[in-house]
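Shared chain: subunit A. Partners: subunit B in the first complex, subunit C in the second.
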Partner chain A sequence: MATQFIANHNLAPLLVRLRQSAELHGPVRGDDGVVRFAAIAPGTLPDLSAVRTLLPPKKYLLHPQETILKYTVRAGYQMPVEDVHQIILFGLHPCDLAGINYLDRIFLDDEPDPLYVARRSVLALVGVSCSPDEFCSCHQLTSPLKALFDLFFNVVEGGFVVTSGSARGDELLEKVKDLLEERVVAVPEDARRFFGHAAAEATRPEPDATLPEWRELASRCLGCGACSICCPTCYCFDVLEFCGLDNCSASRVRQWDNCLFKGHAEVAGGMTFRKDKAERFRYRYRHKYRGFGLSQGIPSCVGCGRCRAVCPAGLDLRPLAERLEGGQRE
Partner chain B sequence: MKKLRIAIAGLTACSGCQLSLLNCEDELPVLLEMFDFQFFPMATSPALLADEYDAALVEGCISMPHEKELLQELRRRSRYLIALGTCAACGGVAALRNGDGRELLRQQVYGHSPVADETFDPIPLQSLVKVDAVVTGCPPEKEELLRMLAGLLRGALPVGIDYPVCTECRMRENLCLLTERDALCLGPLTLGGCGARCPSLSVPCEGCRGPVPEANLVEALEVYAQKGFDRTAVIGRLRRFCPEWKL
Partner chain C sequence: MNNNLPVPAVISTIRPLTVDTSLFTLYTEPFCPVAASFLPGQFLELSLPGVGEIPLSYCGFPSQDGRIELCVRHVGHVTTPLKVAAPGDAVGVRGPFGRGFPLSAYGGQDLLLIAGGLGIAPLRSLLLALMNRRELWGRLTLLYGARETGALLFLDELLELQKRGEVELQMSVDHQEHCLDGPPCCRIALLPALLDQLELDPGRIFAAICGPPVVYPLLVSRLQRMGLSDENIHLSLERRMKCGVGRCGHCAVGTRLCCVDGPVFSFAELAGIEGSLV
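This part shows the complex of A and B:
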């Protein structure tokens, strides 16, 4: 079948073209060696060789710390107005696309979050295929999540096969069509990673609270928070309220939280639902591999490997998940 | 509205915490409008204890008898007593050599002069009086001080932080100095709230904000050992700001 093919040497001109309609962001390697999603400087290419960025693309949708409500005696309650502009996020791997798909379910489907809605509406998602490394598990676990994209670039010999996944993607393709050629190229069939071979949403029993693994994980965890901060689907946040020094204004702030922290399940009066860190690990596991509440049956782990790559203690929920979820190895 | 009556005192410390407050130049006018700094020897005179206070903010640890008296006096007169900075919260740098033997230290520093005869091993505030809240740091962040004061206007004490420096360091998407540079970064054990100020400048965390709740020292020592740091070196570094750290 004929596909839209773009040769490697046409990538730079394509990016120039994309930049005309929006800010262009993608994986950029800093002087410190860290790869981050950031604005791609004109005349440079994104680092498409990197397996993962340190922070996932969720940082474009939910900021680590942000004001979600303001109050003044004069104006009453005011929602923040988000100053948004079009951003093309280039170079998202299927796991990160699936991660955004998960966040969409949480922040768009149920009770739409105004800040998320505003930021999501200006984001064009351009995926690029990748090869998993030793930290990845996208190829081991099946998921009902999908890698939804506006454009997707499948890496093939000498270039990319480009597919549009939306009207926005069609528009973008239209702008660059002179750089594309129709060519018959075999695209590697990738059944594992969020492309239409979705697993059904499954309801499973509660993970066994008496497993020794919960305690082992708890005893080794440093509590640094990196696993959730760097997770593309961890969206738990804490809400704090601060009053102004003028004594007639206040702001409500939300910031990323981690379910392994002492305060995550703490309520008024210092009571906590999960006093013990082992219980917190079981909770984390449930959210990552089983889902609960409205996301019951939807595992939120997309297998990007960030939690394992960044954990200073080298903790990994994956072996347990392989055992309990009956993950399929290639 | 009646202004809140505030006492601010410095015990054994460098006065840096009080200075941090005075450095909030943009906010000083509104602070003076909302608060009556009735006792603040570093900034106002005369400095006489003459009233009751809605809150006393105390910097520094206790190492001399007159500091004990002042602290107890402030406690008696104040609705809230708030420890300002790591010295007040944990003992801090002044308590660095606690355990080395008071007599030896006295002779090394003062020789045979009687000047230091009355000093004793520095102790944090809560070992002597009830402390209602702690704003830690060396010095505390300006924003934390201002938020604490603003909270007092509504009768609220600051909410304790439960996460370490690493959390904010990751939020800032910094290179991890511990895992990627094998540096003795104390981030995982140290209370956050500073926005990972030092690691963001590629300087390993020195632990100046004291221990995070639920600090996992045992496992952290394992991780540091894998990076080539023995236990004594790590504990020594941790104890610079908080003598409570023990093997």
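This part shows the complex of A and C:
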């Protein structure tokens, strides 16, 4: 079957063309050796060989800290006016696309979050296929989450096969159509095959809290929260309010929070509802593999492997998840 | 209506109830849904500008003229500064949020209200709703426990209801101060002990409970022994409900969220869930 093919040497001109309509961001290796999503400098290429960035693309949609309300005595609480501009996020792997699909389900529901809506509406998602490494588990668990994209670049010999997944994707393709050629190429199996291939699950019984694995994992966990910070589907946030120096204004900010921290479940008076580390560990587990609230029944682990790659204690939830969730392995 | 944006309200009166607890009356715009359309057991988010926002249970009756009653214990980062608030001060309110007590299911039934300490706040709201249409409900019993007699809230109102024969009231205190006589129908005991001498018709009674988490397991097991089904035992849970709209991720109980699916749950929904009755 004829496909839209772009040769490797045409990638740089394609990026130049894409940059004409929006800011272009993608995985970029910094001088410190860390690969992160950042603006791709003109004349450079994104690092498409990297298996994962340190932080997932959620940072474009939920900033680590952001003002959600402004207060003045005269006007009361007001939504801030968000200054947004078009961004094309190039080089998203299927797991990160599925992560964004998960966040969309939480923040774009019946009562969408205004800041999220503003940021999401200007983001074009360009996926690229990848090969899992030893930390990845996308190929072990199927997921009801869909790896939705505007454009998807499937890596083939000498270039990419490009597919559009939306009207926005069609528009972008139109801009670069002279760089594409129709070619019959053997396309490798869709790297997104693990996503969108399972139904949301009915309620499962509570995870067995008496399993010795919990105690063992919790005893080694340092509670640093790195796994949650770098998780593409961890969205917990805390809300803080700061009074202006004039004592007549204030701003309310939300910032990433972390369910492995003791304060996460603490209420006024110092009572906390998850005192011990194993309880906090299970709280995270439930969210990752069972979901809660709007995401109930939807496992949120997309298998990107970041939590395993960054954990200073080398913890891995996979064996336990396989034992407790079971039956989903391909 | 935007659920993320607090609407302005003004503190109208502040009535100290005990040394650390006050009843605030606020006014927002007439017909504002935050004040007008809530169920007892639901909560709102109260903003104190420059300080922060906290979830508080409704303590009063829905009002078309924008009136909101809130019972506040001054222990937290927002409630402590509220101690020096004055009538006329501006605040913000969002809500109502969550699932309250299922009033419609209570129609024609007996009701057993059990309040521990500050748990009387949402149950006062429930009691006011029941009194508004007293003829719709059967026998009403209120068990109310507090640390000491001085910490019993809304005592005048409760004794008045008892005097009028609307409610059977039994109270307990953990210990009695030396200089004060206890009110009538109050004894020194822990709250669950009040259930010992109670005669109930377990086939037609619902229990609505709000109190410190520590009493829940005891109350639930006694009510079960008295023959109440898990579906008929309703508990209001406290959790850190930061956003109120199911997004901040702090208040999950099992796979349910306290701010959306609760804070009122039937025990049938909570049984077997780790940490639900801490």
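We take it that the second predicted complex is superposed on the first by the 313 of 330 C-alpha atoms of A that agree within 3 Å, B and C clash if a C-alpha of one lies under 4 Å from a C-alpha of the other, contacts with A are read in each partner's own complex, and residues count from 1 in each chain.
To be clear about the criterion, a residue touches a chain if its C-beta (ideal position, glycine included) is under 8 Å from a C-beta of that chain, and two chains touch if they have at least 3 such contacts.
Here the structure is a predicted model, which is why all the values come from computation and not from measurement.
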When subunit B and subunit C are modelled together on subunit A, clash or fit: fit
Partner chain(s) touched by A:55 [first = subunit B, second = subunit C, both, neither]: first
First (subunit B), second (subunit C), both or neither touched by A:294: second
Contacts of A:13 with subunit B and subunit C, given as first, second, both or neither: neither
Touching partner for A:243 - first (subunit B), second (subunit C), both, neither: both
Touched partner set for A:310, first subunit B, second subunit C, both or neither: first
Subunit B versus subunit C as contact partner of A:65, first or second or both or neither: first
Dominant toucher of subunit A (residue count), subunit B or subunit C: C
Partner chain in contact with A:221 - subunit B first, subunit C second, else both or neither: first
Contacts of A:283 with subunit B and subunit C, given as first, second, both or neither: second
Which of subunit B and subunit C A:319 touches, first, second, both or neither: neither
Least C-alpha distance (whole Å) that remains between subunit C and subunit B when both complexes are overlaid: 5
Doubly contacted subunit A residues - partners subunit C and subunit B: 240, 242-244, 247, 266
Residues on subunit A engaged by subunit C in the complex (per definition of touch): 68-69, 71, 73, 76-79, 106-107, 111, 113-114, 203, 205-206, 209, 235-244, 247, 249-250, 252, 254, 257, 259, 264-269, 271, 273-274, 279, 282-283, 286-287, 290-294, 296-297
Subunit C to subunit A touching residues, read off their complex: 2-6, 8, 47, 49-54, 73, 75-77, 79, 90, 92, 213, 238-240, 242-243, 245-250, 252, 254-257, 260-261, 272-275, 278
Complex contact set, residues of subunit A against subunit B: 30, 32-34, 36, 54-55, 59, 64-65, 219-226, 229-230, 240, 242-247, 256, 258, 261-263, 266, 277, 310, 312-313
Touching residues on subunit B, where the partner in the complex is subunit A: 1, 27, 30-31, 34, 146-147, 149-151, 153-154, 156, 159-160, 162-164, 166-168, 170-176, 178-180, 187-189, 202, 212-216, 218-220, 222-223
